[in-house]
Structure formats: C-alpha cells, structure tokens
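The letters A, B, C and D name the chains in turn, as written, and every chain counts its residues from 1.
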Amino acid sequence: MAQHQRQSSRNIDNTGFGTNSNTEGGRLVNADGSINLRKTGMPIWTRTSVYHTLLRMKRGHFFLSIMVFYTAVNIFFASVYFLVGVENLSGVDHSRSTFDEVMAAFFFSSQTLTTVGYGHVAPTGLLTNIIASTESLLGILAFAVVTGLIYGRFSRPKAYIRFSDDMLISPYKSGKALMLRMATYKNNHLTDAEAQLTIAMHVNENGKMITRFYPLPLEISRLNSLALSWTIVHPITEESPLYQLSKEDMVAARIEVMVYIKAFDDHFSNTVQQRTSYTHHQLVYGAKFQMMYERSETGGYTVLELDKINAHEPAHLSETVPVP
Amino acid sequence: MAQHQRQSSRNIDNTGFGTNSNTEGGRLVNADGSINLRKTGMPIWTRTSVYHTLLRMKRGHFFLSIMVFYTAVNIFFASVYFLVGVENLSGVDHSRSTFDEVMAAFFFSSQTLTTVGYGHVAPTGLLTNIIASTESLLGILAFAVVTGLIYGRFSRPKAYIRFSDDMLISPYKSGKALMLRMATYKNNHLTDAEAQLTIAMHVNENGKMITRFYPLPLEISRLNSLALSWTIVHPITEESPLYQLSKEDMVAARIEVMVYIKAFDDHFSNTVQQRTSYTHHQLVYGAKFQMMYERSETGGYTVLELDKINAHEPAHLSETVPVP
Amino acid sequence: MAQHQRQSSRNIDNTGFGTNSNTEGGRLVNADGSINLRKTGMPIWTRTSVYHTLLRMKRGHFFLSIMVFYTAVNIFFASVYFLVGVENLSGVDHSRSTFDEVMAAFFFSSQTLTTVGYGHVAPTGLLTNIIASTESLLGILAFAVVTGLIYGRFSRPKAYIRFSDDMLISPYKSGKALMLRMATYKNNHLTDAEAQLTIAMHVNENGKMITRFYPLPLEISRLNSLALSWTIVHPITEESPLYQLSKEDMVAARIEVMVYIKAFDDHFSNTVQQRTSYTHHQLVYGAKFQMMYERSETGGYTVLELDKINAHEPAHLSETVPVP
Amino acid sequence: MAQHQRQSSRNIDNTGFGTNSNTEGGRLVNADGSINLRKTGMPIWTRTSVYHTLLRMKRGHFFLSIMVFYTAVNIFFASVYFLVGVENLSGVDHSRSTFDEVMAAFFFSSQTLTTVGYGHVAPTGLLTNIIASTESLLGILAFAVVTGLIYGRFSRPKAYIRFSDDMLISPYKSGKALMLRMATYKNNHLTDAEAQLTIAMHVNENGKMITRFYPLPLEISRLNSLALSWTIVHPITEESPLYQLSKEDMVAARIEVMVYIKAFDDHFSNTVQQRTSYTHHQLVYGAKFQMMYERSETGGYTVLELDKINAHEPAHLSETVPVP
C-alpha cells in the first residue's frame, strides 16, 4: 500500500545520479555536502585541480604545505650553491666545516627567496649570481601565488550554516511532517535563502532494487532573511513519497534526504550555498524541536542559542489513516 | 475598524523573523541595516568570521590593528633573538646596554619581517639564522594576508546610498502615501534598482501581542537607473496595512518599516544592496519632500543637491473615509 | 498628427530621470555611457569613491599618480630623516654638502619604502630606527594597496563594444526602421547579449515642455553570441514613438536614444555591460549600413572588418502613410 | 521530403552568426569553443586585450613570458647603469674587464628589481641612485601586476568538462536520437547544469546555399548535479531538423552541432560554462554509448571511469518511416 502511495508522487530523473541501485555505491552525498564518488581513468594530475585542492585544504595543512615547500626549495638551492662552490659567496668563512658551509648556503638561499637579502653573504661568481637572480625571481613568483591562494581561501563564499544532527518526523497540524533545522553560526547575514530537499529511496520495482528520487515540497521554501534559525518543514501529505510510511519502512528504503541551501550573502553581495545529507541513521521518529531563540533579559535584542540547534523532545504522532 | 482593514492585507511569515512578540527583542533591523540579534551557545572564535570582521571594521581601526599586530610580532621575535643571544647578530655593539641590545633585536626583527634587510645587522649563529629565516617567511605570508584583506576591503561591493532621515505620510493623489527618499551619494552609478518594503506591526491577536509582517506594495518598485534621487512611494489604499490608521495608531503598533534596495553597479558589474529600517520615531505625519535636483545655471547638466535628501515641508492630509 | 500617434505608445516613468524638462540640463547620458549629472551638498571626499576614481582613471594618469605619490612620500621621510639628523644613518659621509645629505636621506627613504634595503646606508639611532621601521611597514601596506588597485583595474569586467558613430533611419521591409550597429573589437567573446533602447523626447504637453521616455521595441533584442557585428533594429511601426515623424520632427523633439547592452563574458564568466547615447546630431535620415564581414579568401574562417562599423550609404525611404 | 520535414521545425536567426553561407568561412565554432573568426580594420594593440591574452596563455608560455620580460628589463637597466658608469656602484672592482662590469651592472639591476638588495653592490652617484630608486618602484609595480595575473589565472572559473570525441545517432525508444556525452574530470562539483544544442545546416533555398540554425530540443536539458557523466539526448522526432535524414544527408548538409554548457561551481559559487562543437566528421551513425560508472568493489562509493567517455559500440537503428 505504501508502494501504491509512493507512486502517486512523481519521481525525477534529473538529479545527476543514476537510478540503477546495483551499479552504484552506498550513500550518495556525504554529510559535508561532497559527492560520494571517485573518478578513475585519467592520471591524478589531470583530474585534480591544484587550486581547488589548496582552497579546500584545512588551514593547518595549508600553512604546513607552505612551510614544507619553502624548506624544500631552500634545500634544493642550498645544494646548488654548495655544488657550485661556497667560495662564490662572499662573507662565508671557508676555514669552517662542511656543515657550516651547507648551512651558509641554506640561509643565503632563504634570504634570497624571501628577498630579505641582508647582504653579509652575497653572490660573487657569475654562475652563483645567475642562480641567485633566478631564485629571487622565483621567490617573487611563489609569493604572488601564495598571495593569490590566501586571498582565494578567505574570500571564498561560505554559507557558515550549521544543520541539526538529526531529521525528525514531528507532529504537524493534524498529521506529520519531516523537519530539520539550520542556522548561520557566524557574524554573516544571509538573505533570500532558498531550500531544496530531494529524497533518494531504494525501492523494489519489478523485482529489481533501484534508486528513485523525489523532490520534497516544503511548507516555506524561501526566506527573506536568515536572521534566526530556520526549521525546514516537509508536510507528509498524500502527495509525499513518505506518506504512510512507518519508521521501519523508511529504514528499509534506506532513505537519504539531500539538502541544498542557496542564499545571498549580504556583506559580500555573493551567492553562497551549502549542502548536506541525512541518512536513515539520523532519523528520529516522533520528536519535535525546542525553541532556540528568545528575548534578551534587557529586552533590547533577540538571542539565538546555537547550542540548541539539535535540541528536541519526544512528541506523539497521530497515525491517522485517510479514507481512500 | 482599523483592525478589520489590516486583516484584509495578507501578512507574511517568510521574513525570517519570528512572529511571537514576547520572545523577541525591540527593533528588528538597525538603521545601518544589520540585524538586531546576538548569538550564543558557541565559543566566540567559532561564531566569528575573522574575515567578515576585518572587512567590516572602520578604516582607522583596521590600520591600527595592523600596527599593533606588527609591533607585537616584532616584540615577540625581539625577545627570541635576545634570549638566544644578540652575540649571534653581527653588527651589534656588545659593549652597550641591555636596552640597546633589546632595541637592536627589535629593529633587526622589523627589518627581517618587512624583508627590508639592510644587513648592517645580520644573523650569524645557526639558531638565529633559523629564526630569521622563519620570520622572513612569516613576514611574506602576513603581507600576503594583508594584501588580500586590503583588496577585499576596497573591492567589496557597496551601494553608497543615503536615505532620508524620516519617513513621511504625504498627500498622494486623492489620498495618502508613505514616502521615503534615497540617492547615491558617490560617483558610482547604479542601474536596475529594486526596492522592497516590509512593515512589522505589533498587534493584539486574541489578547496576545504578536508581531505581524506585511509587504508594502510600491507605486514604482523598479528603476532603470538610479541617477537622480528616488522617492519610494507606498500608496495607502484599502489593501495597505496602514489603511485608515492615524499617527497614534501607527505609534501604538510600534511600526518598523524595513527597506531593502538591490541594484547593479554599472562600473563593477556587481550586484550591490543596502538595507535600513525606520521606526515609528522617524515617522513624520503630514509632510512632503522638497525637490532636490535642478538644472545647472549654464544648462548643460543636472545638479543633484544631496544635502536636501531629508528636506520636507508640512502638507495637509485629506482624511477621506471611503464608504464601505 | 504625429503628436497623436506618439501618444499611442505608452511612455514610461521608471527611467530614473525626471520628466520635468525645465528642471533638467541638456543631454541625459554622455556618449561614454556616464550620466550627465553633478552632485552637490556633500563635501567632495564624502561623495567620491577613491576606489571608483582610481579604477576609472586612464592608465597613464594612474601610473603617474603612483610616481607622484612615491616621490611625495620619499620627500616627506627624507625631511624627517634630515631633521632627526643624518648622523643617525651609517654610511653617509658627513663631510659633504647639505644637498648630499638630503639626497642620502631621500635615497635611504626610497630603499626603505621599496624594502630593497641595500644597507650601505642603514639606521643607527633609536628614533631613526623607529621611523625606518614604520616606513618599511608603510611601504608594504602601500604596495598591498597598489597590488589590489592594479588587479582591480585589469580584472574589471569590460564589454569592449564599439558602436557606430551614427544612428540611421533605414528602409526596412515595406517601411522604415531606426538602426545602429555594434561589434566587440577585442579578443573577448560575449554571449547571451541583450539590448535595450530608450528614447527621450522633448514634447509640448498642455503648453509646457516636458521630457517623455519611451522604450523602443527591437526586431531582435537578444543574441546567443556576439561573434560578428550586430545591427540593432527598431522597426518604426504604428506603435513606435517615431511613427510618421520627419527628420525635422525628430530634431525638433531633440531625441536622445539611450542604448544599454548587457552580455556574458564567456572567458571570465562575468556579466558585462556598456552604455551609450545618440543625440539628434548623430541621426542620419535615409541611409543603410554596409556589410562588414566576409569569408576569408582561403575560406577557412570569417573576417570581421572593424573599420567598417560606421560604413553606410544613402538609401531611399518610402514615406508610406497608412490609412487610419 | 526531408526538406519538407526540416521546414516544420522553426529556424532561428538570433545565433549571432550570419545566415549567408557565401559570405562566411567553414566551421563556425572550434572544438575548444572559440569562434572561428578573425577581426581586421583596427591595429592589433587596440583589438587585443592583453589581460585576456595573458589569462588564456598556456602555463608554460606564461612563465616563459615572465622570464623573458625579467631578463629584458634587467638588460635595459644594466645598459643604463653601464652607460652612467659602474664607478657609481660601490663594491664593483674597477680593475676587472668590461664583461665583468656589465655583469655587475646586470646583477645589481636584478637585485634592485626583485628588491632583494644584498648591498655588496650599492648605488653611490646621484644619477645612479635615481635610476635604482625608479627601478625598485618598477619592480614593485611589476610584481603587483604579476600577482594580479597569477591570481586572475587560477581563480578564473573553469568548468573542466570533457566531451566525448564523437556524437552518435543512437537507438532511442522506438526511434533514433542524437547523443553526446560529457563529464567533469576534476575534483570540482557542478550543480544546476544546463545544456543548449544548436545545429547549423547548409541548405539550398531557392537555388542559393545558405546556413540555417535550429535549436535541438533535449530529453533533459537541466541537471541538478553533474556528479556522474551526462549523456545529452536529442530525440529525432518529427519536429527535429534531423528528422528522416540519412547519414549522407547530414554530411551533405555539413551539419555542425554547437554545444553550450552552463553550470554553477559549488565550490566557488561561480557560474562556469564550456562550449564545443561537433562537425559531420565526428558523426557516428548507428552506435550507442557504453556505461562509464559502476559500484566500487567494496560498495562504499561510485566509480566514474573517465577513460570510457567516448566508449561506444555499434547499434542497429530502426529506420521507421511514419505515415504522414
């Protein structure tokens, strides 16, 4: 019967995911919004955008990469200066050990690469001068790249949205609704926010397991301002693919709710977006969200309590069965 | 009766603000367009976007922050050089006082950080060389960050719109209209400008005070070019939530008119926007704006007088009561 | 009679220009697309966006401004170093003339500002060290600003459209049409191009001269690709405000055709736009454009001859008068 | 008869390409998406956007250009220092050969331009100081330009889409369809992808060969997510301009299918696009694409095999002729 109802809602085939359940992996979209997919058949350097990778990298890893790159380049040039001969570097004491000579070459390299150029060590021979001249140009270019990367990293439009950990099946009017909650957690201000929910369900069709996709219509799908929290509500009406499904049905169908938020960042005049996905493991059946904002005690402003984003309490669902 | 009329205009619930008057603070939107809201429940470093903060900071504060950061980093590295021993810095006179040594370390640090590297003071020991090498890299990275921030600051799309201080209830055709005025005050040129007005009213519904939101339909809501000033006009017709409200009614309802302007910056090919809000304290009942542009004396161009943006004069309102 | 016809086309009042012919200047939009307007009533530093100004400045002026700024800052710091005393700069020969001392201070300043820091002249005293440390930071910040400005200048979306010098009244089907021509003249590629024409006419209404604005409907107002030239055609039908107007009528109405082109730059994925305006002085009555592109001799590609953008030849217009 | 059918689909004239087959060259759009067009009649420096050129240049060429520019500027300044006299450079041994003097001037120039400024060679005379001061400013400005270019290069929105080499006429439902395939090959994620196909056909109209353009309606023209591959399908129905055309007819009409993809880059919040074109040489009549993605062996994710993008196998087409 649930099967019958589900067919009353039109499935869609323009999600970009294939419908063949057998030829695909598990989860479609990861919780961080990335696609659960690997690409093969082309060498890694062709199928990797270095810029995308460096922009997505965690901050610590990014600065560590720069440190490693800086040291490696200095080791390379130190070797070259050493091979050419440190007697071509004025100011280096030749009576000292090889280690001291290598160190002198290394630090001369770092002073050239950063263009700090104290000059107590300076190139004298023709070859050493050519290498130093090349290294300082390289330093300037590398710096240009780093400046671009750093700007690219922090100017990248981000939505800074926190989603509730769980999605709830909550009481709604005389029936039920699927609910999840979100709020911006930084001092950014999003306007003209739009939400799209798509559900993937594994269904048995003519004895074959296939994946079907359905859009989930929302009570309110567009908000003028994302100032407070936003509880996204999909009412489970007769048109819903979840209509009359029990918790067990939903788990059996291995439902995955893909969430897509698009908004306008007031401050940067930029479109930002964020994506997440809820699997049946994050489904709480029979619960409702608790209020997460209130008037400040002095009354002058509103307080949004971000730690309550996932706060919910059990709620009774009326399992009304409509007469056909 | 006013109550009756107000209900004929449809209130909206997608403003992103809650409707419960008790659980919220005073003003919703501040005059500068920011939301009157505080967030709690997450540590300040998680809920603050450093980049947003540095971009929104006033120019003076921004450059002061850089000065303070520069000095602090130099003090830190000066301490390190001093602890390692200034005898590892060639060119520093060791017979002088500790103060002179500390100063030498400080200025050596600043010369390294900025990569100016005169070299009359230069690192000699291994440890000092490593520190100096690290500091010059740090200087280059910090500079990259500053370059990005400065570019981010002045390339940020801004509308440069000045609004009239007051909103007026003016005579309009045979009735009344709510009017406010705006103009761009810089040498930027906005096109395809769009205005949206939303009013928040505190109303008594079933004995409970709640906040209701209504869109205010405008005579003209879209302008091809924002060359001259723009008087935004909301005619108070039967459909208006302000229909037949007296000044006292409006003050009692603590009306707040939220203004949202979106336009296209001709020069940057960027969408820009600005937001403001008028409370009932800024309401002038029975007044009209004075003309603020005129032909230049030589006749070759138009003159827009920005100091007249709020210029208005008293005007009689005909309190016509339509027959039901 | 012409008056009668003109009223059959609906005038518009959302151009952003006032309709009162008396209170406005001459031309509304200049040929370069800027608005013919001056703003007063606020101090010039408040109503000028320095960033907009530096971005719009001609390339020569921009680099000259940088040179002047660089020299001025060096003169300022040279004075400071000189006042503090050049004896605090090691490497300066004190037995020489005051001019030599001033020059030494000047060049020390420039070496500090650019962070080149040779070091043959270096700061020794505390005060001089503090000043030099500040100057090198200033140099780095100024450089960051210049980097941002230069990037802002050449990354600014530009349409690079060349318009024909004249607008023509040409034969079109069995009647007439207003035509003007445009083409991109650089190696950029615009797609999804859109044209909007608005005409301003000075008309006598109830004995008063006022300005009326009418949109001019186009034969084709949207082009998938702006690869070749585009002749923009406004057919002069009964609905046209130009219907049955003679050349003299058009001149008497001091017509001004404002042109607005919006397109998508394929390469930058950016929206670009350009604006221009034709006055009645640029009207050629009875002419048609000559073809400006042809097959290359070897046949492998198309040749677009940009020097023919305004090429036109006289053409007979059939002054057919429709029966009412 | 084919002629008859073709006329049942409406041709379009807003492609931006002329319809006159005689006055145009061969292919309209190249495989890399650029327009097959040359512009004349304006000097090359006017019709070339240096910024566009430097951004489109291959990476190797770009860095080679910088190297050449760097060397050329150093040669220029070396000549100037040499002409002014190397005796104005302290630290240069005047007893050595002219070659050594020229080299000293060259390396002093490079140390000034990159602001590394070791200082073992330093300017002493007035003129040399002025030149060095100018060169270091020039170096800073050049560096600013390079930083901007490098950022512009790698932040430029790119779609990274790989198209199948061939377009196929494949079996589709009970008839045929034109199919081509695409996939993103990098670690970027495109959403809200949109495809537009336009076909150019050379047809004999009243004894004259002219080019006609038709839009090709697609089975699905918009995809929520471009996660996997996308097979773009134009069903050859009665409305299709290809209806009942044999392979020979298509070749005779020298069909060219222009493909335009527009999507939203999830990561940069940027619109990206890519363009290509298929000529009749790339037409494979009677074939179908092979599956290019499958479940990973461990079952946790989906694998997209990029090397199979063009994999197709022969397929029988049913040449059903509908009854008129």
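One rule holds in what follows: a contact is a pair of C-beta atoms (placed from the backbone, for glycine too) under 8 Å apart; a residue touches a chain by one contact, two chains touch by 3 or more.
Chain identities (UniProt): A, B, C, D = Ion channel.
The structure presented is a predicted model; accordingly, all values stated were derived computationally and were not measured.
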item: Which of B-D and C-D has more C-beta pairs touching across its chains; value: C-D
item: Angular offset of subunit A relative to subunit B [C-alpha, multiple of 5 degrees]; value: 90
item: Centre-of-Cα separation between subunit D and subunit C, whole angstrom; value: 28
item: Whole-Å gap between the CA centroids of subunit B and subunit D; value: 39
item: Overlap residues in subunit A, where contacts from two or more other chains coincide; value: 111, 115-119, 143, 147, 151
item: Subunit A residues touching subunit C - in the complex, by the definition given at the top; value: 115, 117-119, 147
item: Subunit C residues within the subunit B interface of the complex; value: 13-18, 22-26, 33-42, 46-49, 51-53, 55-56, 90, 111-112, 115-119, 122-123, 126, 129, 132-133, 136-137, 139-141, 143-145, 147-148, 151-152, 156-157, 198, 260, 270-273, 275
item: Interface residues, subunit D side, partner subunit A - complex; value: 63, 66-67, 70, 74, 103, 107, 110-111, 114-121, 143, 146-147, 150-151, 154-155, 160, 185-189, 191, 193, 220, 222-228, 230, 266-269, 291, 293-296, 299-308
